[in-house]
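In the two complexes below, chain A is the common chain; its partner is chain B in one and chain C in the other.
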Partner chain A sequence: MPTETIGALAIIIGVIGRFWPVWIALAIVLTLSFTFRGRLGLYGQLFESGVGVAGVTICFFWLFTAMFAHVIAPFDPLTQVAVMKDAMPGTVVPDQGLVYYFGGDKLARDVFSRMIFGSRIVLIIAPAATAFALMVGTTLGLPAGYYGGKIDALLSFLANLVLAFPVILLFYLLVTPGIVETGLPHWIARVFFIVPIIFFGTLFFTRYKNRPQLLAVQMALIVILGGWVYLGLAFDADPLGIISIDPNQLNIFVAVVFASSPGVFRIVRGLTMDIKTRDYVAAAQTRGESPWYIMLWEILPNARGPLIVDACLRIGYTTILLGTLGYFGLGLAPESPDWGTAIKDASRLLRSFIHPALPPVVALMTFVLGLNLLADALREQSLKD
Partner chain B sequence: MLAFIFRRLSTMLLTMLCLTLIVFYMINLEPNLKKLAISQLDMRTPAEQLESWLEKNGYRQNFFVRYGQWLGVVQKQPAIDPATGNAVPRFRYCNEPTEPHYGGILQGDFGCSTKFKVPVAQKLFPALGSTGILMFWVMATMVPISLLIGILAGMREGSRTDRTLSVASITTTATPEYVSGVIFSVIFASWLGWLNGSAASATNQGITFYNFTLPVMTMAIYGIGYIARMTRASMVEVMTQQYIRTARLKGLSFGSVVVKHALRNALIAPFTVIMLQFPWLLTGVVIVETMFRYQGFGFTLVEAAGNNDIDLLLGCSLVSVFVVLFTQLISDIGYAYLNPRIRVQ
Partner chain C sequence: MNERVTDPSQNPGTAPILEIENLSISFFTRKGEIPAVMDFSCTVMPGEAMGIVGESGCGKSTVSLGVMRDLSNIGRIVGGRIKFQGRDMGDMSDEELRQIRGNKIAMIYQEPMASLNPAMKVGQQLMEVPLIHDKVSKDEAYKRALEMVRAVRLPDPERMMRSFPHQLSGGQQQRIVIAMALLSKPALLLLDEPTTALDVTVEAGIVELVKGLGKQFGTSMLFVSHNLGLILETCDKITVMYSGEAVETGRIEDVFDRMRHPYTQGLFRSIPLPGADKNERPLVAIPGQLPLPHERPKGCNFGPRCHHFVEGVCNAAEIPMIEVEGHEGHFSRCVRFNEIDWAALPKGAEKKHEPVKPGAPVLKIDNLKKYYTVSGNEIFGGAEARVVKANESISFEARESETVAIVGESGCGKSTLAKVLLGLETASSGDVVLGNTPIQSTAIEKREVDTISSIQMVFQNPFDTLNPSHSIGSQIIRTLEKFGIGKTVADREKRMFELLDLVKLPRAFAVRKPRQLSGGQKQRIGVARAFAGAAKVVVADEPVSALDVSVQAAVTELLMEIQRKNKTTMLFISHDLSVVRYIADRVVVMYLGHIVEQGSTDQIFAPPYHPYTEALLSAIPIADTSVVKKHIVLEGDIPSAMNPPPGCPFQTRCRYKRLVPDNLCETKLPPLKDLGAGHRSLCWLDDAQLAAMEPVISFDRGVNVPVSDVVPTDEPHGEGAGTGPGFAGAPPQRPHGKTSDADAESEMERIERAPPPPHGSREITGNPGDSSPDKLQTEVGDGRQAVSGEVTPGLGKTRQSEVDGNEPNRS
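Moving on to the complex of A and B:
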């Protein structure tokens, strides 16, 4: 048993020291943003309130932590150092001179490094899944709100169908190794992942259809880039072999997008129904613009305020969903360092050891808190206009 | 109003039908049936025996026939013992009749739980009762606290109380159950030792403050922030209305304006929000009951899903979908009832 430990103060100083790339990056970004806040539009206005500054700082903190994870973390998240099983915080690893700042877990891995690497998983999946959910929800919500009638009735019924599913039941049914075998996630992914391509295709087509040369370039770019990513993700058939995704991660991704798209759909539909009665929409209709041009270039830009706020909240919500998945051991590998899985492992042993539970708990909470504060500050700012 | 309720009820039935069909499809996918057969027999059973078990118990019949049997519109056939040629019940522990019969949801028969080896109704309804008790205490703490926080914060917009309470409620919305559960357990069970970190004893020995506070606290905290924010927003809006200014100008004290004039109008929006909070509470129930080992609905759902217990899982989804849709209906009706402007339209 290693007996050499360092004190609480040394742990705090050591941890702060490990985060050095984050502090430097934060200092640069915040100083620049604060100096030029007058020219940065909505983002710059965030620096006018304490809540906004706190939100931006926390979000950037976790973003940079995820980016520099390999520099910050002293150990590999999966490496086990046998003597360090359930080590108390601040135990020095024999022969290496490095410290387990937050102690070791029951499999003798460094809790601190796992927390740092866990941020990577969360910060990749949560924003990406939210972006997809936003695009799927928008693409379906715009016509539902704009046309109304039968399209609206059908799409709303489908959205309510998914919303009536308790999230946890949906996950238990959709995120299992058995489901991956049947190829169902790949099929859902093929439907979902085509939506952004259609979305951007329509977006540029409606705007630039009178300028065929520019349009041809844009379309070619969308089809080549989008098709490449699409082939890689949905069919696992990237011709260059660069883009591929683990089937289990795809399964999680699809489940999360599936669970949060109907919420976006409802918001976009409501906003569209409100905005379509405005004069500028009537003007565009009189000009003879096509419905999709009106939806994408007249209505959507004017709905961006509430949508940005919703996106912030939704990333936080998605983070919570990912944690729920990890907590129930669904989808992610058992040794995965993500926060939910870490909380699950640690909470079973809470009676004997509490130190492995606290870092992932605090990490998840602060990240979601940062996003919520950001959303709150954005909402305040958009109300001022 | 009656026509409205009737229309909503029929949509509700259609939704339930669609959802159970989807759930039925997903739990009858091949890997899931295999999982069921393995859990019923043995890990090392050869593939042919698994197949014959599935065949014998009717899992290989046509998908729609089986869905119809579960609904109760198609007759359930008993299994035939190949040795004697006699009809035998499929699951002995459920007292299934040996002659063809209609036995489905429409007849009030929820089927047979393969995991707990009892009829689903015998397992599901006591579990729902336990969860009902938990829900009651959660609501009894969550609603008054959150309304109070919301009203105090929204009463004077922008004041120090408002800002402090707002940040506090944002913090609680950032704390999902599995986070607050761990934090509370660490503080109250591990460090202070005031409360029990497990509610397992609540099922047999009855509820005490010692074993039940942590689950209730954990579940309530996540909802408090959300409802408080909604109450605050609606209170802020009401406080800027003309009739509040009139009441103030005619010399009423601030306290009595808040209680007599603002409160009733400010509580319409939170009512809807509280009702729509139920679906989320359902997820919370699953997390909290797993975390604190309380044998309620959530615990049953996790067990059913883990073992692919088909009938029990269908029963659980039926109940949860019903809860979600029914609370939506109540919230719509209640909203119309509380807000006269909607009723006239």
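Moving on to the complex of A and C:
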């Protein structure tokens, strides 16, 4: 048994020291943003309130942590050092001279390193899933709000169905082996992933219909890039072999997008119904614009304020959702360092050792708090103008 | 530094209710201190009504909020005092202020629904006032509330007391708000644009009510409005504000007829008063725009926009209010008012235009009908479908270069008509022919690009007409692209710059976002967009009603200039008959989906009227002390288009109904009666009754002239008599700046020349309906004409040559 430990102060100094790339990056980005805040629009205005600065700082902190995880974490998140099982915080690993700052978990892995690497999974899946949910919700919400009538009734009904379904049960169903074998999640993924291609295609087509040369270039780019990513993600058939997604992660991804799209749908639908009564929409109609041009170029840009705020909050919910899924052991691999799985692992031994549970909990909490602060500040600033 | 405006001689022994001394209010924002009101003084005597007038952002509402000490958390009074009944409000504790608010000072806001609690019945809300302030019993409170509901002339008071606010119409709600304010028997009533959200005929009723308050309850009033005509009808004194300062204050007659501040004069020149004419005497807009609060110039705030500006005099130091000699209580914040030639027009304003000759018909509408079906839930069915008849048998023509005004209040179907014309809706039946193309059933998606670009629209709300997310340039270029103008991007850019030139905006605006533009500038972009594709017909839906007075004139003139150049047909949708009379060649009056009257502007504005047109004409406040108006206040509200009355659409509010035999009005739709020369009216009244109608608006014959000598110089039905369209009585040939001293002179001269009168315009005849209880006939301007007599005649003589018939201007 290793006996050598360092004191609390040394732990704090050591941890702060490990984060050095984050501090440097934060210093550079925040100084630049603060200096040029006058020219940075809404983002720049965030620096005018304490809440905004706090939100931006926390979010950037986790973003840079995820980016520099390799440098910050002293250990690989999966490496087990047998002697370190359930080691107390600050225990020095024999022979290496490195420290388990937050101790070791029951499988003798470094809790600190796992927390750092866990941020990667969270910061990739949560924003990406939110982006897809936004895209899906927007694509369905716009026509529902704009046309109203039967289309609205049908789409709203479907959205209500999904919303009324218990989320956890939905996740259980989606990741149950029996359901996975039918290929249902894959098919849903194929539908979801095609939405952005259609979305951007329509976006550029409606605007540049009358300028065929420009349109051709844009369309080619969308088809090539989008198709490439689509093949890689939805069919795992990337000809270049670069883009692929773990089937477990795909399930999680699909589940999260499926569960949060109806929320976005409702918001977009409501905003569209409000904005479509404006004179500039009528002006667009009277010059003969197509409905999709009006939805995508006249209405959507003016709905961006509430949507940005919602996206921030939604990334937070998604992070918590990922934690919940991890806690139930759904989706991601059991050894995954993501925060939810880490909390689940640690919770089993909570009565004897509390230290492996705390770091992922604090990490999850601060990240969501940061996003909420950011959303608050964004809402406040966008109201001021 | 500033003299207070007091007038002790007028009311000896009476103390003023409200004295504001050199009040300054600032807002503290993240950009620093922004002064909203500076050095504002005024005095309100018991029973007196003081009007505060000014454009948006001039601080007029801030003054009234300052009196209430209700300046949110960022506003603060930084100087001066407000004394209420002799006590400085700054010395009062919060407790005392609470006692005063709602009890001794009551406030009425623009939006009645925002002042009423939607979850409480009207009766309960009214009863609360005596219950809280006077601690009376419930029965007593109910009694007082009911009495007050009667006093504000609401029909069926018991039912009103049991209603929720949303069950009442806007006008009824505002009456309830007034009743609530009056229940505490306030000494001072603050009214902040109390009628702006209401229709004109409803507004007329509220004005009638407010006007009597001073006499009936002895209440003093502070009436905040942007509308000079309303101030004239309701107030005794007026303060004109500009950019946070009071620039002129005095009695109504002094300020209206002998203004001594260039801004006040500019305001009067930019509103279409009777006598202005789009060809002969166009409006004169005030150049430039309101300075931002933190960019106010040194010295006179109005300096940069004033054509009397003298370097080193006007911008030397801050200017105090200076008393105008010979006028009681008349002050002006202008250092040069004694040197200024008040009759002179600013340079370039004497432009005249040849009257436009209308060409062949461009737009023909025949028997157009538009019905909507309102149904319940789309999927599950539900409530049975109901039909809204938005347009009923609309027929009229519009010729090339002609301006046809479509007049009516909200809910009359004028917007639906515009939608059908533009293809946003398709007609239920009937024909619309544009050029040679029938378009009544072609929705916008199916229209040819040519058709789309040849009928375009200018929208009402400048803050809504441009997409806030795109730059000005890109929005115009997009329009050009849609209309297939220009082959390359560079072509369209060039054309876009030309359009900016056309609407007189700098080319640098192309890269700006709409929020960087003022309301007037946005509306100019809206005009540019409508004319981008050489439109044959432009539908202008109240294009200037949301703009400030001085900007309105500029946009109106611009619109007409482009129309003249392009020979465009304009359909001008409006509820404001003053603007309509100024701009339109022909007028179509709509009510509840029907065209009730149509004809040339002259025909519409002279008797015989359709009863609705008559009421509409009488409802418009006119900011001219020499105008005498018959007051006809309509009872009730516009019926719902979902459930229109049988027979004549106007029968529920018509005061002539009982003159028609056999109850025809309530049973059968009247025929479209031809009154000659294209003048048509939807009415059962017979020729004799129509001929007996009196003009609603006539001109006060001025000074010391016996009524019988008063002479209108054109025939009542006059077409092309050379005077202002269709008013009985000649418009006073006053120069652009109304100098009353000169006025009086010219008036006298013309009267001597004039032929004997066919009828006296001030005479109250045995007009049918006179005895009808729902008609209130009063004459505004009673007792006011004497004012001109006070002026020393010497001044007038010197300028006689300029004044007489505007000769110098015509050459």
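Please note the rule applied: the second predicted complex is superposed on the first by the 383 of 385 C-alpha atoms of A that agree within 3 Å, B and C clash if a C-alpha of one lies under 4 Å from a C-alpha of the other, contacts with A are read in each partner's own complex, and residues count from 1 in each chain.
Following the convention adopted for this analysis, a residue touches a chain if its C-beta (ideal position, glycine included) is under 8 Å from a C-beta of that chain, and two chains touch if they have at least 3 such contacts.
Keep in mind that what you see is a predicted model, and the values were worked out from it rather than measured.
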Touched partner set for A:P301, first chain B, second chain C, both or neither: second
Chain B versus chain C as contact partner of A:I343, first or second or both or neither: first
Partner chain(s) touched by A:E48 [first = chain B, second = chain C, both, neither]: second
Touched partner set for A:L161, first chain B, second chain C, both or neither: first
Contacts of A:P334 with chain B and chain C, given as first, second, both or neither: neither
Contacts of A:D279 with chain B and chain C, given as first, second, both or neither: second
First (chain B), second (chain C), both or neither touched by A:A153: second
Touched partner set for A:E289, first chain B, second chain C, both or neither: second
Common interface positions of chain A, toward chain B and toward chain C: 157
Chain C residues within the chain A interface of the complex: 30, 377-379, 422-424, 444-445, 447, 449, 452-453, 456-457, 459-461, 464-470, 479, 481-484, 489, 515, 526, 529
Chain B-facing residues of chain A, complex: 51, 157, 160-161, 163-169, 172-174, 176-179, 181-182, 184, 316, 320, 323-324, 327-328, 340, 343-344, 346-347, 350-351, 354, 357-358, 361, 364-366, 368-369, 371-373, 376
Contact footprint of chain A on chain B as seen in their complex: 11, 15, 18-19, 23, 26-27, 29-32, 34-35, 166-167, 170-171, 173-176, 178-179, 181-183, 185-186, 189-190, 197, 279, 282-283, 286-287, 290-291, 298, 301-302, 305, 316-317, 320-321, 324-325
For the chain A and chain C complex, residues of the former touching the latter: 48, 149-150, 152-154, 157, 210-211, 278-280, 282-290, 297-298, 301-302, 304, 385
